[in-house]
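Can you read through this structure? Questions will come right after.
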Amino acid sequence: METLHLDLPAIQDASLNPRAALYGVVSSGNLEVLVERGHDATRCVFEVQTAAHGFVEVWKAVLTDFAARHPVGGLSFAIHDAGATPAVVSLRLDQAFQSLRGA
Amino acid sequence: MRGLAQSYREALARLRVQALLDPGSFSEWVGPTQRVTSPHLAALEAPVSFDDGVIVGQGLLHAHPVIMIAQEGQFNGGAVGEVHGAKIRGALLRAVRDKPGAVLLCIDSGGVRLHEANAGLIAISEIMRALFAVQEAGIPVIALIGGACGAFGGMGIVARLCDVIIISEEGRIGLSGPEVIETVKGVEEFDSRDRALVWRITGGKIRRTLGEATLLVDDDIAAFRAAAGEMVGARSLFLKKRGLNPTTSSLQTLQAAQQQLGARAELDAEIRDGQVLWSRMGLGDQVSLMSPEQFNRRLEALES
Amino acid sequence: MRSSKQTLLDRLFPMGHAIAQEGLVLRGWGETKQGRVHVIGTTDHAAIDTRIALTLSDAVLKAIAADGSDPRPIVFIADTQGQALSRREELLGLHGYFAHLARCVNLARQQGHRLVTLIDGEAVSGGFLAFGLLADCIVALPGAEVRVMDLRAMARITRIPFERLTELAQISPVFAPGAENYWRMGGIHALWTEAEDWSEQLLVLLQGNPEDERARLGAERGGRMLAAIVAQQVFHAH
Amino acid sequence: MDALQPIRTWNHEALRRQARLERSMPFSRGKAVATRDMVSLLEALLEPGDRVCLEGNNQKQADFLAESLAACSPQRVHDLHLVQSVLALPAHIELFEKGIARRLDFSFAGPQAHRLARLVQSRSIEIGAIHTYLELFGRYFIDLTPQVCMVAAQAADAGGNLYLGANTEDTPVIVEATAFKSGIVIAQVNEQLERLPRVDIPASWVDFFVVAPTPNHIEPLFTRDPRHITEIQVLMAMMAIKGIYAEYGVERLNHGIGFDTAAIELLLPTYGESLGLKGKIARYWALNPHPTLIPAIEAGFVERVHSFGSEVGMEAYVAARPDVFFTGADGSLRSNRAFCQTAGLYACDLFIGSTLQIDLEGNSSTATLGRITGFGGAPNMGSDARGRRHASAAWLKAGQEKNGGQTSVRGQKLVVQTVETWREPGHPAFVERLDAWQLKQDMGMALPPIMIYGDDVSHIVTEEGIANLLLCRSPEEREQAIRGVAGYTPVGMARDRALVENLRDRGIIRRPVDMGIDVRDATRDLLAARSIKDLVRASGGLYQPPKQFRNW
């Protein structure tokens, strides 16, 4: 297991009222992401536990782009990864975020 | 766009729970935010999950309060470890106290989780005892089986302890997986890659044929919901119609079951393939193409 | 009957016993200082198939029927390599035979029979779940082998190196075979030694609480720290 | 004329053929050969150094004849030159290990790719060339004409007429080349019938036939269980349909056999229909009868399909849809690889398929180290037919794009590669240098095994978007266009962000949002079938999936 902690600046969307929620599943090539309210409205926090070693730079790039793409300030994302490709990671994160907005 | 049914087999456990129960009625106990994960998986450097692969809580089914237990087959094959098992046991013990209309047990599991095999084996034994206590309290336990892992190993035994089994054609119940039997006994004994054969041995249709499953439904969450709802709503009526009321086992009911199982074990050695049974029953060789509805109807006609 | 089983029965029931072997199933009675007990079990590391399961459930049902309102203890002797592996048995629904056997055992408990399991030989996985593991009190005799799967097979299936599993098995009781591990996790109540007087010890087991206390025991013994707590958390959750 | 010059004979080949037939006489009764006599017959008629074609493609295999040949004595039969489509069976490899065969010209080595590489490294084999199918078929009539061919047919009658069944595949082209150049044609058949449903090969072209002890093996190679199609593949299929099929009005096409293209097939009746594309795209196909095409056929999208071969389980469905498929008067499918490849090359406007690696020039390869897989048919479909003369809207539009918006003297085929940027962690689909170059070096090949040449590729589809390479005006733009859809692979992360944004402004790179595609819509719910059972239902029970694909 490799772990990664990332704390990024982000814009907050005050109209979001996030309930904690879990998306996805820890199965081969997939991941689960737990979205919760964070402590700082101007930051977005990521905690990643991954089974695939040596991809820290890829994770950073994927998460940084995600945090730039959406108003995720004040949210925290905890991820358990079982070898998802960046495409799947981005898709899950987008789905999780869009569901918060829809809920 | 043409809509297909919402597949029970494909859905994650969380989606199944949402779609099986009345909208918005579910509340979870010891949910993912509490992060009660398996220390044993972590010790072996295996990925963990925030809910350890099982969701427990309460909700409403057609306005009747129920306790819901749903295994996530995609996480470690729905296998039972210490935390996973304890959550199920806790929910069952709670049913004894809270007396809901029913317990819904969505089994999707290969049995014991090998990474914590001893804990898993004991946990399944504890689940069995807790399940007996629920039934002794007069609360029916309804098993729903339609996930990719089916109900195998100890969870196959647990499935058969339930009062009612609702299964899809894609669902399976058994003890040893076909791969295990093939590995130990050879491909001549059981060719696990012959998927059609695997389903003729353990699949929903053969389980319904043998009277183990109560009802065969489409691979559609709405169909599972409708079937479970019918049983919770008018449960005594439904069970009476089928002559099923094993919630409380008595010496007489178990003696009758002993007779029945004894007769089945006496079936001749030809019976190594569900198709042989179906042919003898006059169902022909088109069983695999019958819809669940057609199949239930044919069997009910034969049974009456 | 295998002489080691004969010796076991003689040591358990010095006052006398009448236990017959039917295939790989043992059934009959033993005499103790507290009176006669039923003895039901398997021998020769039996692979439990539908016939064995049916013979066992038949023995349990007959014991219940025979005792009526005066239920005597039942002593199970578990010696099984697990369930039979066969396509036909799977088709017949071996899991259902095991479930039926479990129901019979539970009915015996409900009717007031004290249930004690003695593991002599092997106790493996499904075969063990079906009856031995459901007793009120479970004891491993010296040399008893209790497991789900041996470590080599486990390593192959989980793709975790065998060496790593062996190493971890030194500190964790949670996955490796061994009666001692099951004791630490509360799945086995006691481990008997050669030197003890088994007939006297059996007497102690014939009294006791039929509640399932294994999770609490596992926590007390330090082998299974979460089972009881998590079940409690669920029980009390809002 | 010089009267002293000896008289030249002009029927040397026919005499040699006569001699072979005479040597074979003790082992046959008329044209019929008993299974036990097959090895003796081959030993009698074959000569060292013969060019031999053992029929086999990725579907049907003349497996009994291959095993019989491998059982021949290497003292009597040796140094053969095999000229055949596919090296698929263990017996094929054995021929080289035993010295029965020495030289090989072929197209594809799928399951034997590893063992073939080892044979090359141990110098137990000489490889002439790795061809595309059409290329090899062409050489059958020029410089690689077989002296003996061994083919597989469904049935023979007593006179030796052959019925090829649904899997016609390569048989006609092999037999044509052999029979009309004084070669010997041997057929293995599954059964002998009084009366054949139809005659596909006349008896006069056939020298011997044998009823094989077991029917020739056929793998259901084109069956893709919709269960395994991912959301990412759905997303990419949406982009392909909206961003390419609809954009160019692609009516005539060929698909590869992966899950990526199966997703497109299953999205036509749902997503395609919702875009109002029925009757406008995907009407005519060069394609095997893929089970995943059933919903699109039933929905009226697909009007006609010509096939290279058949697919196990599709027989009854095909027979019940004669307006769509090419069937004989008897109702069963007639396929033909050579004709269908020609159709794919000349009569289709689009090829789309997946690959394992793409480099910065757009060259793609399925070669990986230690394996020689070869090509099969994809390079024929996946190349611009420079000799094409007829126009179509899609072809003209692509040609204009390539020509800077001007009408050129010719159009351009659409050749689309669709790949997820990472196949799995550690395996990026985009690379600076293809493994094929290393393989060329290790195996001493003349050329790196490139599946699709970069200058033939018109579009690359990934989960990040579509790169339109036709619109690139320089090698630098082309490289950035590829990097710009290469996601988080090292190749993708090394992009020039400003240049990529510029390409996006010019429509050379398009993201899902640029095409009006909402990523959230990319769910498996869009698939017209999510399981094999759904396909059976869609076919009205006519599709009979093989047992390994059924879970009921």
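A, B, C and D are the chain letters, set down in written order, and residue numbers restart from 1 in every chain.
We adopt the following convention: contacts are C-beta pairs under 8 Å (C-beta built on N, C-alpha and C of every residue); 3 or more make two chains touch, one makes a residue touch a chain.
Not measured: the values here are computed from a predicted model.
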Smallest count of steps, each to a touching chain, taking chain B to chain C: 1
Chain whose Cα mean lies nearest the overall Cα mean: B
Interface with most residue-pair contacts lies between B-C
Would you identify the chain whose Cα-based centre sits farthest away from the centre of chain B? D
Here the gap between chain A and chain C, centre to centre from mean Cα coordinates and rounded to Å, is 47
Chain centres from averaged Cα atoms put chain A and chain D apart, in whole Å, by 42
Whole-angstrom distance, CA centroid of chain C to CA centroid of chain D, is 59
Go ahead and note the Å separation of the Cα centroids belonging to chain B and chain D. 44
Building nodes from the protein chains and edges from chain pairs that touch, which of line, ring, star, complete or other describes the result? other
Contacting chain pairs, sorted by label, are A-B, A-D, B-C, B-D
Seen from chain B, its contact residues with chain A in the complex are 12, 14, 31-33, 42, 45-51, 72, 74-76
As the complex stands, chain B meets chain C at residues 29-30, 34, 36, 39-40, 43-46, 56, 82-83, 85-87, 89-91, 93-94, 97, 112, 114-126, 128-130, 132, 136, 151, 153-154, 156-161, 173-176, 178, 180-181, 184-185, 189-190, 201-202, 206-207, 210, 212, 249-251, 254-255, 257-258, 261-262, 264-265, 267, 269, 271-274
In the complex of these two chains, what residues of chain B are touching chain D? 1-4, 6-7, 9-10, 169-170, 193-199, 203-205, 219, 288-289
Any idea which chain D residues touch chain B in the complex? 227, 269-271, 273-274, 524-531, 533-534, 536, 541, 547-552
Going by the contact rule set out above, which residues of chain C touch chain B in the complex? 50-51, 54, 57-58, 61, 64-65, 83, 85-100, 102-104, 106-107, 110-111, 125-126, 128-130, 133-134, 147-149, 154, 157-158, 160, 164-165, 168, 172-176, 181-182, 185-187, 212, 214-215, 218, 224, 226-235, 237
